[in-house]
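Below: the structure, in structure tokens.
Should a chain be cited, it is by its letter among A, B, C and D, assigned in written order, with residues numbered from 1 in that chain.
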Amino acid sequence: MEPELAVALPAAGAACATALRPRPRLALGLGALLGAGGLAAVVLSSPGAASDLLGITLSLSAPARSMLIVAALALAFVVVLAPQNAARSSLLRWGLAGLAGMAAIAVAPTLDVSVMVLLALVVLQAAGPGRRPYARRVRAPALAVVLLGLGLLFARMPGPPALERLGAVGLVAGLVAALGALPYMHEFDPEELTATSPIPWIAFVGPVVAVVVLTRARDLLPAAIGAMGAMLIGLGLLNIVWGCVASWRTELGAAAWRYSFISDWGLALCGFGLGLTEGWAGALLILFSILIGRLPLYLWSRQPLRDKIQTDRPINLVVAAALAGSAPFAGFTARILLLRGATALYWPLALVLAATLLLWVPSSLRLGRSLGMPKGRQLAGIMVTLALNVALGLYPQPLLSLAGL
Amino acid sequence: MSEAAAFAAWLGGAILVLADGRRGLAVGLALMAAGLGGVAYAAGEQLTGAALLAGGVVAAALRWRSGPEGWGLMQPGSTPRIVLTVVIGLVALYFAASLASGDGAAVRFAPMACIALAGARLLQGAERGAALTAASGLVLALGAGSVLGSSGSLPAAVVAAVIATGTSALPAAEPHGA
Amino acid sequence: MPPLTLLVPVALPLVGGLLAALLGRYESGLSRAAASAGAWGAAVALVAIWLPVRSTQELSLGQLGFGSPLELRLDTVALVFSLVVVVPAATLLTLQPRTWQESTVAALGVAAAVMAVEAGGVLLTAIAGCTAATLAVIQLEVEDLRAPRPSWAMLLGAWLALAWAGVVLQVHGGTAVYSAVPVSAMTVPVFALIAIAAVFGSGFLPWRGWASRLWARPSLRAAGMAVTTLQPLGLYLLVRAYELGDGRYPQSSLNLVLAAWGVLVAFGAAARAQAATTRREYMAEVLPGLAGFALMSLAVGSALGLVAALILVATSAVIAICLPLLPERGGPPSLLVAAAAAGVPPSLAFGGRLLGLGAAFEAGGAMGLIGLAGVATWLLAAAAAARSVGLPAGHGRPAAETLPRVAAVLGGVAIAAGPALGLAFIAAATAASDVMSTQGLGLGNGVVSVTTVSTLIPVVALLGPLLLVGAVALAFARPVPATARSDARPPLFKLYGTGAAARVMEGVRKAAVPGEYRSLFNPRALETAAAGGTPMLWLASLVALAFAVTR
Amino acid sequence: MSQVLAAIATHAFALLVYPGLPTLALFGLVIESLWSRIAGGSQVVPRPRLARPPIVLVAVALLAVLAAVQVAAPFNPVPPGERNVIIAVVAIGFTAWAELALDPELVAGPGLLLVIQACWVLSVLGPAIEPESLRPQVLGNVLVPGLLPVKVASGLLYLLCLPALLRLWPVSPPTDRRTRPRFNTTRALVWFPYCALFTTLFFPPQGDDLSGLVRFFGLTIGVAAVCLIAATLLALRGAERARGLYTRAVAPYSVLVLALIVVTLILMH
């Protein structure tokens, strides 16, 4: 029963929160309750076990399950410690809708259904209020769906191996487009609401989509795994370099944060591309740190960015260290795992990877400063984020075990 | 029969690309759904075909009721779109019939052409109603594509039909704040 | 002693740091007390854990999740290096006033450095070392944002290099635990990575690296802590490299290269020191010079060289306490500290350098030539120290953070400790025996004399009377006339190339695309094109990907 | 314990009696007086005065004594196995810089002095590389044909450096306005270590008997005499010529010696 509930309860929570918009407290309470129920359903579900209650076989893989749990915790964390002036009920509404969609993507019986749910999410997110016209907002994520769909078709066509490789191209390009990473970056408006901006794709929904697409692709394209890995590594390196440099040099603070997500995704793509357990473990650690680290920090930086406040207090520097992937934070451990995978696969790749790992520092200092002078709830939130990040960096075994690694 | 259905699906997709009015979009979506359903039916997946047809027809009916006025078919300056539909059709035909091997070229052609056409419509950055209709067409094409899969395609088709309907049910006008 | 006690030396500074953060909001003095108590507690705990057993103790707490177990180990090498880190840090934390933020970060940095030394494997050392480096940078930034500090990227890169070395050991040797790595896994690339980590992580550079630039800061609170926690770690890695290679480096040529690098580091420091325009500039080159000699001695490859390196590391620790406490005006404290660092007989630095150079000459061949360069460098350093006595003070420091008497006493102790060289020799030899065979050292003479292959140094019999006679004679001597002090002195030789290097660096920093080519390379336009959501770019990249995988 | 006390007593005797302080003071007094006379100094022998010695003198004396006990003088109570050439080199080398630190007026051309000191270090320790020994008398005893060229070249370099290291050259400190040199007490203290170290390193060790003692001191005085002659010639040619000699001749020659040492190392291995 759990997989169905994992989708239904957050969806119901989102629906309640939407219906009860005029009464935010009630909406918040009910939404939180249903969301917690959804989280409980995910936690209680046993990975890999199929459920056929609705006539459709639903199951949850271990990596997707771990990602859903962390995403739900990140959402709870963000809602509880939201900045004073942020509408918590709105955050919860969008978050629960996203969570329901992510759960549906994760439990879907086939990749086709996952892609359809992704399209539904795309349509719903673009339907929200925004500064850009609907068609412009829907364009890039829809491209992801188109590419994933074509990839699936090519993967299933009988014929020469080139067709399977084209399938791999479709799936990889579709995934990158769904995330909004280079070369399929989504249009970004710094003044836009976070929920209707490209950030949820790269920082909230993206991790589950990536895990589901890549897990399923391994069974779908057994002969094209090498080509897929090569593409992932190539695009990963491209995103690392572009993301780090742009995050350092770009003019707008919000854009710098967006590029920093892209650079982290570059690392994750490299990890997935390695195809080894260490690579996957490193990539998952990066994604965990995005969910419980970079995303909340980005949300807390929004107001200081608007107020153009930049400070260099100790907390800003510690945050910069965490964002730069320095020890003892999760980024360093993830980098160790990636280096291990790359060394086992092909050591010059490890050399290139090691060289690029230094690009994070200048942009991280800038992003750390952009948090301004955190106080009260924001300060507490940052402290908790850093503590979680340190715990994940020093002892990642529990979460990796949760992900079946 | 399957070839005719595949052609109908392409034609529907082409109309979706060439139309700017709600009637044109609705007819295009309905024709595409019928073609995709027919292809699935011909491939021996009757229920899948029925689900796709039902979803498409309902979604088309919803679109018929809201969106920009009229048919808006092949308005001035739509030559590139015409060329695009033809090119997409030819490329899809090459992949489905020439490069891929085995029977069932129509089952490969129709979803591919429809995904590409609906995707092209979405990338055009047209107004909201057209984009939502294209999204409905896209999800139906994805549902039809699952016929190629080894596992059963009915659940995918049902989900596709539901999402297509829901998408068309969304308001076609931009909300405030846009 | 239960193995869990090995966590205590790490935990105490950690707790001290947290207490400092809690108490500091009310009273900065309390935070200072908490941080220093934590550091002193760690020092006491280390000795208390090691003394009853006097042999290696290990603790394994299972896998951490990145292929490395949480394994701690306290052998004599770890004890020596832990104390070399903790004692100076604790002294400075006790004697120098700090804000609660500085005390907290400093105590955490001490805990990380001790963890790096106590770690049983390369990966854990890398993580703890990188943590210590990060905290050092944060501490320096907290103290003064605009003052010089090490490049964060360089330190991160250094520790990533060590992490990569650990990873290579895991992949090719099955483990990165120091005591379990098969000798065959310790290849030249692995050693190169460890050496890079040591050289850049601890600032062992022939040019004016961060280890020198730190001393140009207006205040020397954070600089002192950064040097005491980071500099010994680099040498520690190179000592452990001997253990990984079963007492030797993968190739003898690596010993030569590293020893030559060490002499270059010492020579660079001495050359800059002799051209210093203020006493502060001279002070900045003292520790890099000593580190260079320690590096050279360590790289000789013999047990004697390793022992000499350990003695020099201990001496550096004493000098590292003195320098931040030293006022910039002249006088006996400056004279004593400069003499102790320059290795005036019969100081401990004299003994350490003597043994290190002796080891180089006894190794013979090219290593002998390096030893020759080492002796010349030592005399250059002595000339620089002599010249520094008459230099004007630097740009001044807060008087509250200087304690000239303590510095003078410690400098005096470092000089008077020469006759105890035998004791230091035995202690260092015991530590060295953890990583290589010390059979050739001849420890039979106890603390009275030090035996090398070709000679025997009667440390007590020769240096003892010399010390006594010297003390008496100096007590009766007429002091230096004040007129000989604090006049600007020309350098013994000009440092050609430094200006050019600075100009080149400035040129690189200011490098820009020439105006007429800007239209070809416009970052803003590039960003707009990439982030603008242009379907043509998407289509082009899709075609490129398809072409790449299907050709 | 008794052995330790005996060793301390022996070394203390060596430091304070022979070949320590009195020996080097007497030797220095004689040679320095001779030099004062040759150079037409205003004061040949210093007037004995009861006064606290300047700190620079004490420092130089301590260093000189430490160096003196390392030489292979007959009847030296310090056992041959306990002598170390590096201690001697460093102790003598420090004397010049002790003066720079404590009485800068005494030091002329410290930069050039540094270069010459480096050449001198090469001449002392260069021959020690191949034998891989630091015992001074072992180095003096090296008569292997393959090593003789290095030994001879190094000996010549040592002698060339000596006048400058002892500051017998006509280069005077900028602050020294005296037209005629006076008795230099600090220099008097380093005559013996410099000259005796040469005898130790470049001549076979002498036996612990009277003839050995005579031969050793004879050779040491001979070295001092060569040094005085060289210094006199330098004085005749003037400061600029002296500078030129050391910068244009001695330094390049030391590079040749270094090359010879490297070649010898390659050939011997």
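Everything below uses one rule, namely that a residue touches a chain if its C-beta (ideal position, glycine included) is under 8 Å from a C-beta of that chain, and two chains touch if they have at least 3 such contacts.
Bear in mind that the values here come from a model prediction, so they are computed numbers and not experimental data.
K.L.:
As a test of understanding: of all chains, whose mean C-alpha position lies farthest from that of chain C?
P.N.:
The chain lying farthest from chain C is B.
K.L.:
In whole angstrom, what separates the CA-based centres of chain A and chain B?
P.N.:
30
K.L.:
Where the CA atoms of chain A average out and where those of chain D average out, how many Å apart are those spots?
P.N.:
75
K.L.:
Find the geometric centre of each of chain A and chain C from their Cα atoms only, then give the gap between the two centres in Å, rounded to an integer.
P.N.:
The mean C-alpha positions of chain A and chain C differ by 41 Å.
K.L.:
Can you check how far apart chain B and chain C are, centre to centre, with Cα atoms defining each centre and the answer in Å?
P.N.:
Inter-chain centre distance comes to 69 Å.
K.L.:
Which residues does chain D have that touch at least 2 chains other than itself?
P.N.:
Chain D, residues with two or more chain partners: not present.
K.L.:
Give the residues of chain A that touch two or more other chains, as numbers and ranges in rising order.
P.N.:
136, 139, 143, 162
K.L.:
List, in ascending order, every residue of chain B touching at least 2 other chains.
P.N.:
Counting only residues that touch two or more other chains, chain B contributes 123.
K.L.:
Drawing the touching chains as a network, do you get a line, a ring, a star, a complete graph or other?
P.N.:
line
K.L.:
Show me, using the given definition of touch, all chain pairs that touch one another.
P.N.:
A-B, A-C, C-D
K.L.:
Over in the complex, which chain C residues touch chain A? Could you list them?
P.N.:
63-67, 101, 105, 112, 123, 126-131, 134, 137-138, 141-142, 145, 152-153, 156-157, 159-161, 163-164, 166-168, 170-171, 523, 527, 530-533, 535, 537-538, 541-542, 545-546, 548-550
K.L.:
Could you pull out which chain A residues touch chain B in their complex?
P.N.:
Chain A reaches chain B through residues 55-56, 109-110, 112-113, 115-117, 119-120, 122-123, 127-136, 138-139, 142-143, 145-146, 149-150, 152-154, 156-160, 162-163.
K.L.:
In their complex, what parts of chain D are in touch with chain C?
P.N.:
4, 7-8, 10-12, 15-16, 51-59, 61-63, 65-66, 69, 78, 81-84, 86-87, 89-91, 93-94, 96-105, 110-111, 114-115, 117-118, 121-122, 125-126, 128-130, 132-135, 138, 261-262, 265, 269
K.L.:
For the complex, give me every residue of chain A touching chain C.
P.N.:
136, 139-140, 143, 147, 162, 165-166, 168-169, 172-173, 177, 182-188, 224, 227, 230-231, 234, 242, 246, 249-250, 255, 278, 281, 312, 314, 317-318, 321, 324-328, 332-333, 335-337, 339-340, 343-344, 347, 350, 354, 357-358, 361-362, 365, 393-400
K.L.:
Quick check: in the complex, which residue numbers of chain C touch chain D?
P.N.:
Counting only chain C, the residues touching chain D are 274, 335, 343-345, 350, 354, 357-358, 361-366, 368-369, 371-372, 375-376, 378-380, 382-383, 385-387, 389-390, 448-449, 452-458, 460-462, 464-466, 469-470, 473-474, 476-480, 484, 489, 491-493.
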